[in-house]
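By written order: A, B, C, D and E. Residues from 1 in each chain.
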Amino acid sequence: MAVFDLALCTLILLAALAAVAGPGLFRAVVFFVVYGVLIALAWVRLGAPDVALAEAAIGAGLTGVLLLGAVGRLSRAGADEPLTSRIDWPVALAAGLVGAMLVWAVLSLAPGPGLAPAVAEILPQTGVENPVTAVLLNLRAWDTLLESVVLLAALIGLWPLARGGAWQAAAGPVHHALPDGVLAGFGRLLPPVALLVGVYLVWAGAYQPGGAFQGGTVLAAAGVLCVMAGLVRAPGMAAPLWRLALVAGPGLFLALGVAGMAFGGFLLFPTALAKGMILAIEMVLTLSIAVTLALMVLGPPEGGGAQ
Amino acid sequence: MTVYAVTGALLVALGLYGLIAARGLLRRVVAFNVVGSGVFLMFGALGWYEGHTDPVPQALIITGIVVALSASALAVGLVVAHARVSGGQVLEDDAP
Amino acid sequence: MTLWTGPFLPLAVLIWPLLLGLSVVLPIVRPHSLRLLLLAPAPALWLALRGADGASTAPELFLGVELSLEPASRLLLGMVAGLWLAAGVFAQSMAGGRNLEVFTGFWCLTLTGNLGVFLAGDVITFYLAFATVSLAAWFLVVHSRTDEALRAGKIYIVLAVVGEVCLLAGFLIGVQAADSFLIADMRAALAEAPLRGLAVGLLITGFGIKAGMVPLHVWLPLAHPAAPVAASAVLSGAIVKAGLVGLWLFMPPGAFGAGLMALGMAGAFGAALWGLTQVNPKAILAYSTVSQMGVMVALVGSGTAAQAVAFYAVHHGLAKGALFLSVGAVAVSGGRARLVMLMAAGLAALSVAGLPLTGGGGVKAAVKLGQSDLLALLITATGVTTTLIMGWFLWRLAQAEVSGTHARVYERLPVVALTLAAVGVPWIVWPQALAATPDYALSGRAIADAIWPPVIAGATALVALFLRLGPDTRPPGDLLRLLVFSAPAIWTQPRAAFSLDPARLVAFVTVAVARLVAVEHVLLRWRWSGLGILGVVVALVFLMD
Amino acid sequence: MTPLIALLALPLAGALMAVAVPHRGARIAGVVVVASAGALIMLVAQWGIPHAAPGGWGAPLGIMLEADGLALAFMAMVLAVMAGVCATAAPMRELPTPFWPLALLAWAALNAIFVSRDLFNLYVGLELLTLAAVALVATGGDKALAAALRYLIFALTGSILYLAGVVLVYSAHGVLDVSLLAATLPAPTDRVAMGLMTAGLLIKTALFPFHVWLPPAHAAAPAPASAMLSALVPKASFVILLRLWFEAMPDAADDRLLTALAVLGALAVGHGGIMALRQTRLKQIIAYSTVAQIGYLFLVFPLAGGDGAAQPWAAGAWTGAVFQALSHGLAKAAMFLCAGLWIIAVGSDRLEDLRGLARGLPMTAMAFALAAITLMGLPPSGGFTAKYLMMTTAFASGQVVWALVLAGGGLLAAAYLYRPMGALFAREIPAFTPVPRYLQAVPLVLALLAVGMGVLSDGLYAFLQLGRPGTAEEGL
Amino acid sequence: MTALLPVAILLSSLIPAGVTFFLAQDSHRLRNTLSLGGATVKLALIVVMLVAVGQGASYEARLNLAPGLYLLLRIDALSLLFMTLSAVLWLLTTVYAIAYFGTKAELSRFFGFFSLCVGATTGLAMAGSLITFFLFFELLTLSTWPLVVHKQDAKSLAAGRSYLTFALPGSAALLLAIVWLESATGPVLFTEPPDLSVMPDSHLRIIFALFIAGLGVKAALVPLHGWLPGAMAAPAPVSALLHAVAVVKAGAFGIVRLVYDVFGIASVQDLGLGTPLALLASVTILWGSVRALQQGEIKKRLAFSTVSQVSYIVLGAALAGPYAAIGGLAHLVHQGLMKITLFFCAGIFDERAGAKRIEDLNGLGARMPVTSVCFSLGALGMIGLPPMAGFVSKVYLGLGGLQAGAPWVLGVLAASTLLNAAYFLPLLYRLWFLPAADAATGDERAPLLVAPAAITALASLAVGVFAASALSPLGWATLIVTREYLP
């Protein structure tokens, strides 16, 4: 296996190099997606399927779409990347030094079980069987709540960027796909499937790899595809229902967390009710995440105020 | 699994190089993501012990990935909007 | 709060003229202000005649006022009061002039100071009185506001202020040594004080200026003639005595005696001779004053008893007052009255020259008693120069223009009264003033001694007339020419301010660090900032040990 | 515990509601302000160190929240500033609607950071804060885009460096909790971890030479946003630095490193001050002033840290630095709000356009003057107390040079603040749009608070000692 | 009660200040009532305390800020000396200012800061610890600035800038000195001299120098005096207060405190600091006078005269002997009375006759006799003529110099007197003797302007004439010195 690991690592590094320093922005982004997939593979190899899923869906997939979209928009705006072919040696040296220190640190750390045994010990009380989900949604639920809000913050951060300040217009560029094109067909086919996969991922997350973020990502991908295919119009940011969808997840999370005060503490899920509460949160959160991610990928309205 | 941890460290270095040396704003976003995933890889690989990875780092990494995505989304939005306004992909005053 | 203890009269002597002087601000008083001059010296005269019963103190006034009347001071107090009264009478002739209320006010103020000098028992009161008489007298000098008077006034005030400052410094040394403000304590302590030499120098300078001691007399021949006649009389007769009294009150016994004698004699002869170059009778009289004061300074230097010196001063004050007033009286008299006035002036002049049987002859004989032969001879010899200058004065007086023909009684009366007093008073007060009897002055030897100087002087004058040798005429001022009185440049030319200017410093720094903007521009480039970040990471790691 | 959770949940809930009903943003914020104030008063009244363990797990599995004196004081300062910001922003029609959720999110992030004891949780909080702050800058419109981008690049770099450090810490110690970390044995990799985290936080705190993002960003944002950005945002990362160096790993501190931090601080004081002197726009001046004022904070490291931590004077320096952070926050918010009102009044923040404005808006002019007094460190303001405490320690510990930096910095502050003051009080009668008096009163109240901190510093000092790290309890 | 009175006195200025700021520009009556009321109340309170302190009582109020940092108001005889001066002169200056400004604009601001300024001065006087002193010192700095720039013309603004560029570095130096000292000795109370033996002598010397630099700016010691002549661009009431009570006096008062209550006479002598300080004061005395001679503007001449005169106080403190101390302290009051008279009069000349330069004074004596007499009295006092107040100080300073074994002080005093005469007598000469210019106008039909000047002029005469009285400033200074500084 060591050979596989080494090869994978080499490939990862090469892909990263191409993404970071390779010529051509488009190519770099493509290499970045490849890199993401390879990293996801590494996570599988490291026995972390939850992370692998997240990396594949979010790190490689969604980020890749985001970047690709940006490449397109940038080239449409005529904003090409300035050419830099030479290696910046001083920076390379400094980065190398930092890297060397990290490598030294990594090598001088003795591996240990960390908190895994402790988590395993209290797993039964968390209401879920997947330790990662247990950490995410129970042990460190406060992190996760904040994280879902971070996502929201990023989306709200896009609003002021709307062209002409029309932040309530439909998200993203105006798409004009052919009704009978490949994309359209794909678009018609995908949503039901994606919905299924997404919901499953969330459901499964409780006892095996998967979870709200991964599930939400899948749903979002489907939604974005539909919009790009021109099948549905991108939602306007101002539409009350959509906004409600955005905040429903974090809102419920917070509400249940505060409700936990009744059981003795903030974000406290009593063992008996934990599974139900977590699942409820995950379901609603998935919806919110999906909407958030979809709007994020579509980007701020570029219609210039045309509603 | 130290090799993954070292790879993570190298990715950080590589990403940092790109983040700093690149002038193109989108490239910096890409590099930032490389640094991020490098850090995560380090984190995960260091938590690997006897065939399993510590679930705590796993959870944290997932959180980190989402946070990185959020940041990237905002960054991309800003880069695109900036390009639309200024017609370029570099910051003023930001010669190498 | 204790207002005063002891007799009230000495305080009243000072307060009374002060109040009179201040009263001129009242509109009711103003038109009649000149009349006040007659009232002002009355208490002083009364005190001098009656004598004081012990000291008066006003502990809360000023730094604790103490007034006492020594015998020598009492002599002078009486003379001064009388002279001021006589001059006040004469001053009535100024009625109708300008600024009379100001004149009156400062007249009274000057009088207060002049009297205070003789009454003061403590240094601070003395200084207050001395400063008052010095500075208030300035208004008398410049009363006419002519250019001449103003110029004289300028020189007067400069020297007066310098004198004040020197005195204060000298006094402070004494007070500190004595740890007491009383004059008697101070004089005793000064003899032992570590800064004795400095103090003596300062005091001689301060008093010397006032007393017209050579070479500090330069203001006197300018100022005395410039004042109105009545004021000239008190300036020359009374006010200069303030310096004299200071010398004997404060100088430790024997200090700088030879020097004082030398300076005094230089003035006695030199001033009299220089006076021969003058044409203005008042200027001639002023030089005569310098000369006479020289004699008195020399006497103080020789260690003569204060009373003897005071005795001499009494005569000089009265006679000089008469002479100055006569200048005014002669100018407005015609015919027989003019002749009377000239005769009175002549009598006073002869008395000053020391003719036997006159008051002047008497006092001269009296002060020579007990002196060393040399000093006695010199004093006698001053008779020569004095006679010469008196003669010259009379000559000039007789030739003075006549500006009016109807001298009023208050112009003539003081001249006559003062002349008679000059001739007679020394004989009257002699028994009380001096230990020796007046008989001595009437002895043949004394008369012989007194007679030869006028004879020599007369002979000299005749020879000079015969040879048609006349003295060159010069403007008054002698030594003053040697001093540069042009205003120093600093008076008018501003120089660069000697001061730190942080604003300039800040501006300099701002310019100097304008380069920081360049730093800012470098840092604005992400690459450099990024390099910095990485550098800091590395540095931080390596700094941790 | 309940009020503590309320302090965290209220702005969060408010932000969510503001997203749901954007046009009610101001009203929601108002409710949050009032409710938070109540919760805060309850907490302060308890005069203790309330804890909370979300989920009931506690460290190391869960996250510990702890509101010690430091955290509560900062939360109170944030509340005051936010109240001011909300009051000023509410009537501003031209403010983009996303302002309200973003402001509330930033507030939530700040509170979360102040009470968190978990290094990773701090990271999430920092990211939330960063994204909200960058977005707030971006609400300044097209002209603010470049500034926002620059800010984002710096901030993300800082975050990722910090995260790398956290990773190393966890890998070496297996815990993320600050208190637990202090109890573990030091690991050799700690220096790398601390180096990375510190560097990342320095960037976020905008310490020289990583400050270049700050002035353009703060100047470009709308004034209420600038007030938050300048007064509050850098404080969060500074608090984390305090937690790291004084609580998590006090022993890792090496004198040279601490000195290096203070040297950067001193350079910031000088550079920021002189740059502020050269600006022509008010907001730029205030923003550069923030750069300079942040420099003071870093003098705390050699004064209260390292070998000196056990000395009797360390408490003074530490408290002094906190005083500085708090009073600067209040004063700086007052200044930016003044600038905002003046922009409403005359449509510009160029100094020459502000000439004579003191006549028209006297209360704001007074607020600005009072805030300036605090920044200059003149008594009896909070800035003075801060300066005094730090200076005393500098002399007591023989580090005179830092005292000179404090003194010189005050002078520089006077120099650069004199220019706007001089312009305001110029004898000209400007044409201006009237501003309601209650709006003018807002910055005045903030500035008075900054000054009042100095007058009433006794209680605050004692309060800050609640849970203060270190052994020495008594100041000099 | 003992804590209440100091606070009440402080509030008697601060409350009118606070309220005045918010008054409408045209509510003249209310504003005047406030200012005058505050001043009167303060004066009344001070009289109450004068009696009590004369009998040995003391008052104290304290506010804690942080460990080792607290505000302490404490009233002792020295405080009262300064406070009485400031209270009396504040009342007079307020009357004068009301008459001076009439119904001009921006008066609420002016009187607000005016009251604040006096409040600061009072606080300074009452300060019982170094930090408290610093607090009010700064408050004074800041509240004075708006007064200096009140006219808001280019000249005033430049003066204001110059004032701050001197004052703020001075404050910084002062703060450094205070903190440095206190870092070693703990909080310094004026009642308990700190134990200086814990610091090396070299440090103490540096600290002392820093103190002098900080206080010297306010006291306008050469070469830190550059701001003062410019500050006369302020309106006349401000100049009056600035030169007589508030700012320069604060510096001088601080130096007195420094020498007597912080370092203590013995330490100052042991460290060899007295003589350099005395020399510095002497240089200032002479240089100020020389510069005054060169000025053609009345107020500038007066300003440089202040530079010179205030250093008498410093000189008194530096010589560190009983006589010198008495002289210096007495001069604190004397100079205040005389200089405020001069500035009042200069203001009247300016306001009523447009006389700004010394040539403009020609012949004014006839048209404005009362003002001119007051001016003359003030000027003669400055020269140090008996029986004016200035003379009394000079005598004691001279004696103090001799007592301290520094006879050269006599020379300084002598030279200063001569220079004073040289720049004041010409003014009097012009007033009384030179004919007025043809187009000259001017009258003094403004009783509220003239009355304060007359009162202070008479007061400066009276404190000299009745110097030996126990109630005079000299008597009070003697009490202070014998009670507190003599072993």
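The definition used in the following text is that contacts are C-beta pairs under 8 Å (C-beta built on N, C-alpha and C of every residue); 3 or more make two chains touch, one makes a residue touch a chain.
This structure is a prediction, so every number in the text was calculated from the model and none was measured.
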Contact-graph separation of chain C and chain D, given in steps at minimum: 1
Partner chains shared by chain A and chain D (touch criterion as defined above): B, C
Pair joined by the larger number of C-beta contacts - B-D, A-C: B-D
Label of the chain whose CA centroid is most distant from the centroid of chain A: C
Farthest-lying chain, centroid of Cα atoms versus that of chain B: C
Chain closest to the middle, measuring from C-alpha centroids that were averaged per chain: E
Rounded Å distance, chain B centre to chain C centre (Cα mean): 100
Chain centre separation (chain D, chain E; CA means) in Å: 42
Chain A and chain B, separation of their C-alpha mean positions in angstrom: 13
Averaged-CA centre spacing for the pair chain E and chain B, given as whole angstrom: 67
Shared-contact residues (touching 2 or more other chains) in chain A: 88, 91, 94-95, 98, 101-102, 105, 109, 112, 114-115, 119, 135, 139-140, 143, 147, 150, 153-154, 157-158, 161
Per-residue multi-chain contacts in chain C, two or more chains: 506, 524, 526-527, 530-531, 533-534, 537-538, 541
Chain B, residues touching no fewer than two other chains: 12, 16, 19-21, 23, 42, 46-47, 56-57, 60, 63, 67, 70-71, 74, 78-79, 81, 86, 91, 96
Pairwise chain contacts under the document criterion: A-B, A-C, A-D, B-C, B-D, C-D, C-E, D-E
In the complex with chain C, residue positions of chain A that touch it: 88, 90-91, 94-95, 97-98, 101
For the chain B and chain A complex, residues of the former touching the latter: 1-18, 20-24, 26-27, 29-31, 33-34, 37-38, 40-42, 44-63, 65-74, 76-81, 83-84, 86-90, 96
Chain C - residues contacting chain E, complex: 1, 59-64, 124, 127-128, 131-132, 135, 142, 145, 150, 157, 161-162, 164-166, 168-169, 172-173, 175-177, 195, 198, 490-495, 497-503, 506
Chain E-facing residues of chain D, complex: 313, 315-316, 319, 359, 362, 366, 369, 373, 376, 378-380, 384-385, 387-389, 391-396, 400, 403-404, 407-408, 410-411, 414, 418, 422, 425-427, 454-455, 457-458, 461, 474-476
In the complex with chain D, residue positions of chain E that touch it: 21, 63-71, 106, 109, 131, 134-135, 138-139, 141-142, 146, 149, 151-153, 157, 160-161, 164, 168-169, 171-173, 175-176, 179-180, 182-184, 186
